[in-house]
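The structure's right below; bear with me while I get my questions together.
So that you can tell them apart, the chains are marked A, B and C in the order they are listed, and the count of residues begins at 1 in each.
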Amino acid sequence: MLRNARSLLAGFLVAGLLLPGVAAATAPVAAGGDTATTISAPAAPPAIANQRCLRCHADQEEKFSLRPDGSRNNIYVDPDVLEHSVHGKVLCTGCHSDVTKLPHSKPLAVSIGCVQCHRENWEAAKKDPDPKKRERLDVVVQQTDNYLHSAHAKPNAKNQSRTNAACHDCHDAHNIGVPGAMQRKEHRLKNHEVCGRCHEKQKNDYLGSIHGKLIVDKKDDKSAVCSDCHTTHDIGSPKTDSMKLAITKNCGNCHKEAQKTYLDSYHGQVNRLGYANTAKCFDCHGGHDVKSDDDPTSSVHVNNRLKNCKNCHKEATDNFLAFHPHGDPDNVEKYPGLYWAKRFMQALILGVMIFFWVHVLLWLYREVMDRISGKGFKENLDQPEVVYFRRFSPVWRWIHALFAISTMTLVLTGTTLLFAHTDWAKAVIVLLGGPKMEGIIHRTAAVIWLSIFLTHLVIVCTNIWRSRKTFEWFGGRSMLPSLRDLRDLKNMFKWFFGRSPRPEFCHWTYWQKFDYWAPFWGATIIGTSGLILFFPEKTAAVLPGWVFNIATLVHAEEAVLAAIFLNTVHFFNVHFRPERFPMSTTIITGAIPLDEFKHDHRLEYERLLAAGELEKHLVKRPTRRVDLASSFLTTVLIIAGLTLLTLVLIGRASH
Amino acid sequence: MRKVLVALALTALGGFTGGPATAREGIEALARTCNNCHGIGGVSVGNSMPSIGGLPVEYLRTVMKQWKYDERSAITMNRVVKGFSDDELDALAAYFAKQPWKPSPQRVSPEVLAKGKSAVSEKCEDCHGITGSDPDVGVPKINGQWAKYMELELEKYRSGEFKMPHRKMKKAAQEAKPAEAPAAARYYGAQNR
Amino acid sequence: MHTFDRRSFLKTVSAAAGASLLCVPQARATTAKARVVVVGGGYGGATAARYLRLLDPGIDVTLIERGTRYTSCPLSNEVISGERDIKTLQSGYGGLSGRGVKVVHDEVTRIDPASKSVATASGEAYAYDALILSPGVDFNFSAVQGLTQELADTRIPHAWKAGPQTLLLKKQLESLPDGGRFIIAVPPGPFRCPPGPYERAAQVAMYCKHHGKKKAKILILDSNDTFSKKPLFEEAWKALYGYGEGGMIEWVSGANGGKVESVDPGTMTCQTTFDQHKGDVVNIIPPHRAGKIAIDAGLANFKGVWCSVKPENMESTAHKDIYVIGDSCVGGEVATGNAFPKSAHMANSQAKVVAASLVAKLNGLPPPKPIYTNACYSVVGHEWGFSVVHLFRVENNQWVYIKEGSGISPVTFGTPKAPKPVPRIYRKMEAEYADGWLRNLLADSFA
């Protein structure tokens, strides 16, 4: 009861003393007086001047006192150090608040109210219009908050009455430097000792590491210390994912290049999305005992490296060693293959896109100009078309639909990884259910995509075989590119510039042929690289590890090319050019209004008409329900495609 | 002489015929030789002789040993303690430490009290406490200790003619102004609790 | 508990190691286990009575003392010089009565060791199981021709038993003319308070010095060739009053004919072996012997004037169950010249030995190990005092003088080859200690 009353009193007193803030504490009695008197006026004992404390505690000749158990207790406080500490002008009893009289009881209870005091000072400083004055207090309060949520602030498992670590376990309160002060450097140089008081094994590992050696042998305070990786206050168990990610991120504070290349790798992309289930820095390099790769005891030494791979890739072969976990496609000296692969892919993307975008723009220009001058193809809305031309059989419609959906799925799931740095990717990965689920979806879509592609080949082959007697390889109904396509292209450009009429086309226009053949190229590039990445261990049984670097790069670049091409050029050609705007549902319904068919494929129309085969292909106008449904489906696909385009462009632009 | 001391040590340790009761009486008999000057139970009645009952055992032991081995100056006690073995001195220290501390508060004028208090809070309080009743570990209580004794002891610290091994006490005493020392002594002498 | 036998009592004591002797007998305090009679209420007798009751309230203690108020001899020289009020040296017997001592103011006239009883002047008889005799000293006036008890009480006081004669001597000193002579005659040893005469010389000199009698002379006529604390006294005399040729104080040793053989009260002249010395004040301290009652009881078996006692418990070697303490007894290492000094502190110490020994005996406990101590402060001037301490132990039933625990205040500092004077502050301290010592000694004996 008495004790409670006393501590209450002490609490009032301390509160009174400390409210005026650090600076005001230089005149303790006066400063404390105003506030203290109003709270606990009569009983407040006079403040104990630091000079009195230092009479004993700065005594060079008696630096130790004996605890009741006979052990030595260092009670020495260097007055010079204290004076230059950030707390140099604070009352000793401000922190050692249970000292209300001298001599004080021994041993002194550990009752340093760091958190409370700093918070109170901060609250007081908030009223100050000059925000600079509380700049540091902001940091301290943030850090105390971090501490309060850290593993150190949790009750100790063996002794629930205390926390795992308190402020003073790490901070030598009598020797805290302001930013830039010598104390900071000193503190960094002995950081491992402070942490090592509890984490002894980790300290010993650290001392053998390249970081530890720089600190101890070279006194290089720029080398990493415990808090650089584990954070200073927001320390959690390194077994948690959040801490693993934080530590991995912190490596990059110094190792910027290595982190950049790591983050571009599959390992890093997953990590960047906020998942810890791929390799992180310390999984390969070791944590506390990180060593240079030319050190034979280092876990990344070439002799030991495979062991790291095998932690995840159980059947990793020696070929894994040729993989460049930090491969940099912009570094021609170290990674020429990767460099040139990237340059090629970039040239390809740029070439294709520039050509087709110019094509698109000119086409748009021409149609707009034609419309302005009252020319061009226009649907007669007063007399809607009743006769349609059947352009696609159901099987092709199905194939296109599945192909479109699986491609979009692949683009979404793939670019989520590729653009892991974007916010949208972090949101999408959650929706997808994490990187593992993302992987499953991506691979499933890939299998569907490839199956469709193969199925289509079979059908094509069958069709050609059936009509082998009559099939004209370079005829009007053939998909094979011909010289005519080149001519059409030339005339199309002439038309764009108004120098000749619009060319007339056969069954397939040249841009349709391009749309058709592009996936052939894509399937080869993207499919092969995809399979390599799908089965790394199988691949590495025969191929060297660097193919993964190449595969990752071209897979991604090709995907970006496809995504941009399909959702811009293809969409324009099919849906967005003014003649077709807002969309064409032909690929859903299989039917195209005869006029439109006539307009785009006049040669074929005329050929059919001449051959009298036209009737065979004519169908009725799709019913209203089919029309609505197909419009809806097309709309959905277009919106999905445009959304994907946006995401990809965001990702690309911000990379 | 040696034989005598050994025999005495044995007595003090209970090795003599009577066992614990004799050992007890052995201590009491020894302690009674102190009563002439320090009173029964170490409660002195007289101003230049200090009360010693209830002082910290380490303090009593330390000063007696220091006197015995000429590490600390005294005028009478240094001769007296040399006749006792270390074990006897330890036993005496333990015996008197176990006695209750009984302050003998002495009258003093308010002026001296005020002067003494200011000197005490300046020089003495950090170790002896503001009333002398709640001192630091190992430091003797001096509330209601005889002022004359304390005055004389302070003179010993201040004069420079005495070997006084307690560094801090010596420093504090020597830093005090001439009038402060007796005032502080009387202030503490006036304290009851 | 009330009726247990000796063995179980012992067991209880042994078992209760924490229980002191002080509290053990309370269990048996209902009936007196023994009657102890103490004769003489000086330091020795009072202390014995007091400690008997302190150690075992079950013992019936009767103290028989003539006077109702005791005056301490120690520091009574300060009364002569006017430095001290005699009241500060006095004590009544209320303290002892309060502790259950039956204090009887009477005079013991006869001791019967055979029937173990004492008889008093008022006709009372007191049976005892143990008798503690502490009668002080008796003065042998006849050893100095011309000196009588009557003269001592009126004109030539010895003032060696503090009281009226002390005040008489004080008065005589006050009327000493400037240039007058104050004679102090010292008897042959052993005598009570060995440094006393020399302290008195100093006190008288101090009085003269500060009371317009700077030309007065103090002549010490000594029957002995040396004296207690001699170098300390001589240093002080020299420094304060002048000593020897031309000084205020002059000391004539026995070898130089200092022994006073006779006195002429008419001319106040002392006849020494070789010389005659006329004094304005003559303070002859007659030779001492054991108290009359001790001699009458046949206890003075040491040279016929002192009582020989056993080292372990102060029991008379002449009669069983009679313990002689204080100035009447003889003890210590007599052969080596380290006998018990006849002092108040010594008597107090002896009394404690007797009390503890008797209590142990009456309770059937093994005899405690005796230890005897002495301290004696002399004050020779303002802020000038010094002391002597003694320590005696008993080994193989013999007193052993413990040299290490005995000795006088430092005479010089530095090395024997390069001696340095002892700082004055040492003397000042002991002058102050003297007062504290006296207060505590009085309290330890009478309170």
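By our rule, a contact is a pair of C-beta atoms (placed from the backbone, for glycine too) under 8 Å apart; a residue touches a chain by one contact, two chains touch by 3 or more.
Computed from a predicted structure; not experimentally measured.
Chains that count as touching both chain B and chain C, per the definition above, do not exist in this structure. Using CA-based centroids throughout, the chain positioned farthest away from chain B is A. Each chain gets a centre from its C-alpha atoms; the one nearest the centre of all protein C-alpha atoms is B. Averaged Cα coordinates give chain B a centre that lies 28 Å from the centre of chain C. Our note on geometry: chain A versus chain B, Cα centroid distance of 76 Å, whole angstroms. With each centre defined as the average position of its C-alpha atoms, the distance from chain A to chain C rounds to 103 Å.
Within chain A, contacts with two or more other chains are made by no residue at all. Taken in their complex, chain B has these residues touching chain C: 1, 3-4, 7-8, 11, 16-26, 28-30, 32-33, 35-40, 44-49, 75-76, 79-84, 146, 148-149, 152, 155-156, 159, 161. Residue ranges of chain B in contact with chain A, taken from their complex: 125-130, 134-137, 139, 167-168. Those residues of chain A that touch chain B in the complex are listed here as 52, 55-56, 59, 61-62, 101-103, 106. Looking at the complex, you find that chain C touches chain B at residues 10, 13-14, 17, 20-22, 51, 54, 345, 348-349, 352-353, 356, 360, 365-366, 368-371, 373, 375, 387, 389, 391, 393, 395, 400, 402-407, 409, 423, 425-426, 429-430, 432-433, 435-441, 443-444, 447.
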